[in-house]
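So that we are looking at the same thing, I have put the structure below in structure tokens.
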């Protein structure tokens, strides 16, 4: 079983093992998470050595209907796989003391397997199968272990993403058929399909692909599933949902949508960039209006990924590299925030901004970590949030797409950055600094334990490291995005 | 004569089975074990005999080709679950084998008359089977059987009159009649109406929900899989024998409409069996879309392979679903609440089947839907494919709704605990169907040739 | 010049504070929180020594600019981090180091006994580190990094006593206003990278000089200049974005002293000094800077004269003096601006600490004009230091303030016109509000004031020593004029960089020499100061109750002054506008309309389903009728063609 | 001559058909259907397929109709109440729906060329007999087995075990 | 005048269809079905004689047998419904709906 296959097969086996191991499921989950992280590091090493230029390919014998089991990995995909493994490990630790059935651990392992599959798939059929398969574990995670109206959120999450991706499937089919009509060969392998002449249908295919990926990113008009899904998911579920599943959308755009329909993409790029800008500002404005802490962080994710998309659609080298790095950063920062809200919810079973007060005196460690993560999230330079956003905006400033001669998207992005502080700090203040309100449940909140602090220290250290020295990370990510630079 | 015997070996085996079952009737106190053994052995023997058959064209009635053989494979396999769970009543076994034999004849039919005989041969025992099989709800089953009978009889009459018109114009009862005039096209339309009735396309579908709801679950499973496969083959043969541009235009839109109609109605059903009936209607719509695409592509073998794969996958999924109803005796969606907490195994199997029916990737259901979408896009049917995609989204509403009821709801307070051993046969079959449905999903990678 | 030749002092400049914070946080705080200040004070000492050593090295021409490592780079786009020790940087650095250390000393005893003592000291020192980083950065991105870190530290420190509602609001207002300023700064950096492809100061100076010489300045240069000025206005509390500074007084006094008087607020001026070649290259901008400076200075001087809270008077005074620095810069006198920045650092820090002692005397964080009065005898030392510092502020001859402030007034007079008038008004105004504060606090008990009945007591030596040193500094600093002059002159000259033809010194857009003591300037400056002092004496000592009387007689006028001529109400209105827009987008547009529409579509499909299923009433005849109709439909379709 | 006989028989058949539709009592309906079947058998003979006519009379008119009459007797099918079924939509509209089918059929039939009737070949019915058991042997066997299966319908339900 | 045969079979088919759809009693509907099949046979026989094709006649014979079998099944089902006490009226049978 070669390396790339093991990257998704090991978590899949882990899922089965956890399901069968009953009481000791959490230990099995831990073992398999560690194994997955080790494997992803091993896979990443050749890429690191060759400064991100390498491309590992595996399998490829064509099966039925032109479908072939073939995987490929480069800097970006392996970085995301490593992020998945890392966050999975963090989630394993974070939910160590929860009394949950074995299915809980199995679902997380299955989710990791499916998501890794998406990042490694070279064959579009395999890409789509893993893409949809990742919905099932998350559906159960939200549905079974979420908070009060989890049922509606789980169903809405599944239906929303399924609707987007079924139109994506039709688009993929159209491309495969067009390719066969041109070359007479049935194939689903991505490298061979890129560059097929799609004729008049190209804009429609781009629209359908963007619908599929846009739901996942989420791009604004298709985003209303995200706040519900995040608010209702358990802490670890939100971490995986925000940290990794949103990146599948951006990865899909970078790897599948833009290369498959380059002509239409170039023509529609200004509109897409405008949508990305709207994403950033709209997400921030909505976040300012929230009263539920987790819902606020969910909307902040929309804003962050708006920057990521600005970087992707800028078409410049640093924009794309910034977008890739922002995906990693967002995983770490928002992961930390969701963990903290999760710990808060475990203690007080409440998430409202007005439900708490003066927690800084009761739980100073929690205050420190939350403050640290909030600052990283709003893009304080020196921490990881800033690096990604700065490169994306710099990409937008230098991008050939101009809106009336002005780097309009850089302007929108900068407004987004400014608004970030306007929603994050009031939230921090009302939970940790403001005096206890009449219905405050602060007395029930006790400070973080050793385990929880250890997790958050690793995340904070990572934030600081990427913030001060992002170059090694950029070196691995940038080369794999060369193709899209215009 | 010998050529006929070899070409129709599986049908001959089934005929022997029927006579055997009738013979059992003569015995004084036939123990159910014999009838049950016969019910299982006959289809298995037919499947074995299938390997012997060499494709042959024996004018005027018989034309056995690869398509016919593959269809027989799916039909006999689809019949096995009902055979295994049969109640051991010799009359029921005879009727069941008779219906299966009718389908076999239809697969081997060369011309329209034999097609009609096959149609009636499989329908009549089916009406009786619906009326007779099953433990409770006798009056509801009778009502369903009568409705099924009258709808079937009218369809048969329509087919006959269509045949008469077609014959009046072309003077041929078989294929090779070339371009059709007004009379011929009218005849073909009427014959198509009969075929669409049997599949359950929208305007002619009224009998389907009542029959599937009232009949015993195993019989409904048999009807929704093998009978549907035979009906699809009936339509395919009809299009082959009397090709008419009308099919390529009408069938796709009719299929998409049926899919949407079935999905919309299933969404609000409270009764589980009626929900499964409407979902079967929705899948029938997709099949009709598939046949429309095949007709539009001028009989392309790939398109036919897609339809056959869909039928094979659907045989597993639908039988599995109805067997779950048989095994657990669940009547409405509320009984299903919190089922996972009460019996994990069957709940997991049923969830896998529901995911398959919904077309979620790792399962066979997805592969089937993908192939049909693929062929219809290949045939340029963009909008019907989009409508069918919309239908499968709506269908997820209730498939996932059922999974939600099973897993995320809390079981009603006064529910009795379930003893896992009851109806063991059905439970094992449900698990088998679930595993089959998932494995079929990986078919392209494991190179399973449909 | 490579990493090895970098003087160890430069390394230590960063190493000391970082290690102090780490030790303080991970070692001392968990064990003995009340000792947190020890490692920090040690690091202050080390930093001061290093700063002075670097000052001495730069004076001997040893300034250098070196990139240490590539922070982030993709293909042709790249940003490096490094160190730049040059004239202006090291001048301000040494002032910050000296004043900062003294304020740390003061804070150690002032904050003693406060439950958040160790948190305060750690964040205080983090701010100190950020300030050092800001002054020694060698490119815009690194400067932006420390710029934001300073903003974050000020947020944490203003909101230190977070149980107070007003402190929380002030902290948020300060941070958001700074963020609005940073919006401009970020855009400026993006445009710089877009136009020049690099962000390093000395390369930029060279490229701008070459471009303007050749006549084709890049398209966005005016925009870059404007945005940098916008950022400076936010940080250095100039006209449009100054309103956060008076509220920032909610923080503990050491914070007000260090950040909102001596160091942080001067960062904006320092940014303009750093990017002066860019701004000077655009014709209209220097006058704009001067205009903003003058307007802010005059208006805030007037408002300062009407404030009741002591620290708020000093806050408005700081805004006024920053306006003065901007004015000097706008008039082209770069070294004068820096010199005034350094002098102002000393006497304003001294004044703030005296105000702190006054508040400390009655066990309150700050004191109001009503609660004090006639404390000359009760707080003798504080009185002496206060007098010294206020004389320096007013610009009376022998005191330090005179040399820098009157150089500015002289430059304003030389420019003439409105600037001259504003120069005079500022001299008079600043003398008026400082002496009014002096007389109200220390002289003549007045019926409206509590005065000695509040039985104040003098602070301990720990609080008085630092104030004394600062007051001394305020007095003596005037002598440092030539040192600053030589330092600033080398600011933009070429530094050994591998670009051919870079060797020659650039012609400096602004003059770097500081005029000597011109008799005319002496007379005018002293005259206006005397006039201001006399007015203050008249309105506080002679007619003792004036301050209270006019408030009662014309409350409308007081409201005008309270709202800074209506500007604060305008800002509040804007803030409420943004939050109500957010509420509309977040709640109505997103949740009710858009989300409702999507969930509504689900209900529409269900309604369609129930409509059809009602139609199916299960009657046999009807079913057959539909079959017949279906067959008829197929017939019609079949025969249609 | 045979032509007008055929036409007359045809007219008679249609008349009896309409009578069956309108008759309130089932007896009358059954008898009318019997008459129609006899008329068609007559037409078969006139058209030149006497054996088929005989078959029709024997199987259809004989066996089937007897069964129908017996069932009607068993159900006591005297003149019972409402003749036509009620529909969700008004009854005349329902009738109109069926009428539409009839009109369509008439149109399609009218469009066919009325080709000249050729006298029935002598040996047609002989060939028909042979054909029944050679080319269509499979069909005949299948149909006989089908009839046998249909007879199972009469067996009573198994009492619920 | 072979058009006459077409006319009669068409008319008979229409009447049969009307009977099946409109009549209330199930037995009458069954008769209607038989009538429709007879009409179809008539048309087939006319075609057979015109084309002198014995095959079609054999087909008609087969159809006759099938119709007989169908009648047997139909009658038994109707009788069983009758004996279960729900009467001959097709309108009664609407327990299964929705």
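When the chains are written out, they are named A, B, C, D and E in that same order, and each has its own residue count from 1.
Keep in mind that, in the parts below, a contact is a pair of C-beta atoms (placed from the backbone, for glycine too) under 8 Å apart; a residue touches a chain by one contact, two chains touch by 3 or more.
What you see is a predicted model; the values in this text were computed from it and never measured.
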Which chains, if any, touch chain B and chain D both?
C, E
Maximum centroid distance from chain E, chain identifier (CA atoms):
C
In terms of Cα-based centroids, which chain occupies the most central position?
A
Farthest chain relative to chain D (centres taken as mean CA coordinates):
C
Comparing B-E against A-B, which pair counts more contacting C-beta pairs?
B-E
Using mean CA coordinates as chain centres, what's the chain B-chain C distance in Å?
78
Distance in whole angstrom between the CA centres of chain A and chain E is 66
Could you grab the centroid distance between chain A and chain C? Build each centroid from C-alpha atoms only and quote it in angstrom.
37
Rounded to the nearest Å, the gap between Cα centres of chain D and chain E is 6
Can you tell me which residues of chain C touch two or more of the remaining chains?
602, 613, 616-622, 624-625, 628-629, 631, 635, 639
In chain B, what residues contact two or more other chains?
60, 113, 117, 120, 124, 128, 138, 146-147, 150, 154, 165, 168, 182, 186, 209-210, 269, 397
In chain A, the residues touching two or more other chains are 159
Okay, what are all the chain pairs that touch?
A-B, A-C, B-C, B-D, B-E, C-D, C-E, D-E
In the complex, the residues of chain D that touch chain C are 85, 87-88, 94, 97-98, 100-101, 104, 108
Under the stated contact criterion, what part of chain A meets chain B in this complex?
63-65, 67, 69, 125, 128-133, 135-136, 139-140, 143-144, 150-151, 154-155, 158-159, 162-163, 166-167, 169-170, 173-174, 176-177
What part of chain E is in contact with chain D in the complex they form?
1-8, 10-19, 21-25, 27-28, 30-32, 34-35, 38, 41-42, 45-46, 48-50, 52, 54-55, 57-62, 64-73, 75-80, 82, 88, 90-91
Once bound in the complex, which stretches of chain A touch chain C?
156, 159, 221, 224, 282, 285-290, 299, 316-318, 320-321, 358, 360, 371, 375, 380-382, 386-387, 390-391, 393-394, 396-398, 407, 410-411, 414-415, 417-418, 421-423, 425-426, 429, 432-435, 468-471, 474, 478, 485
In the complex formed with chain E, which residues of chain B make contact?
60, 113, 116-117, 120, 124, 127-128, 131, 138-140, 142-147, 149-150, 153-154, 156-157, 160-161, 163-165, 167-168, 171, 173, 209-210, 213-214, 269, 274
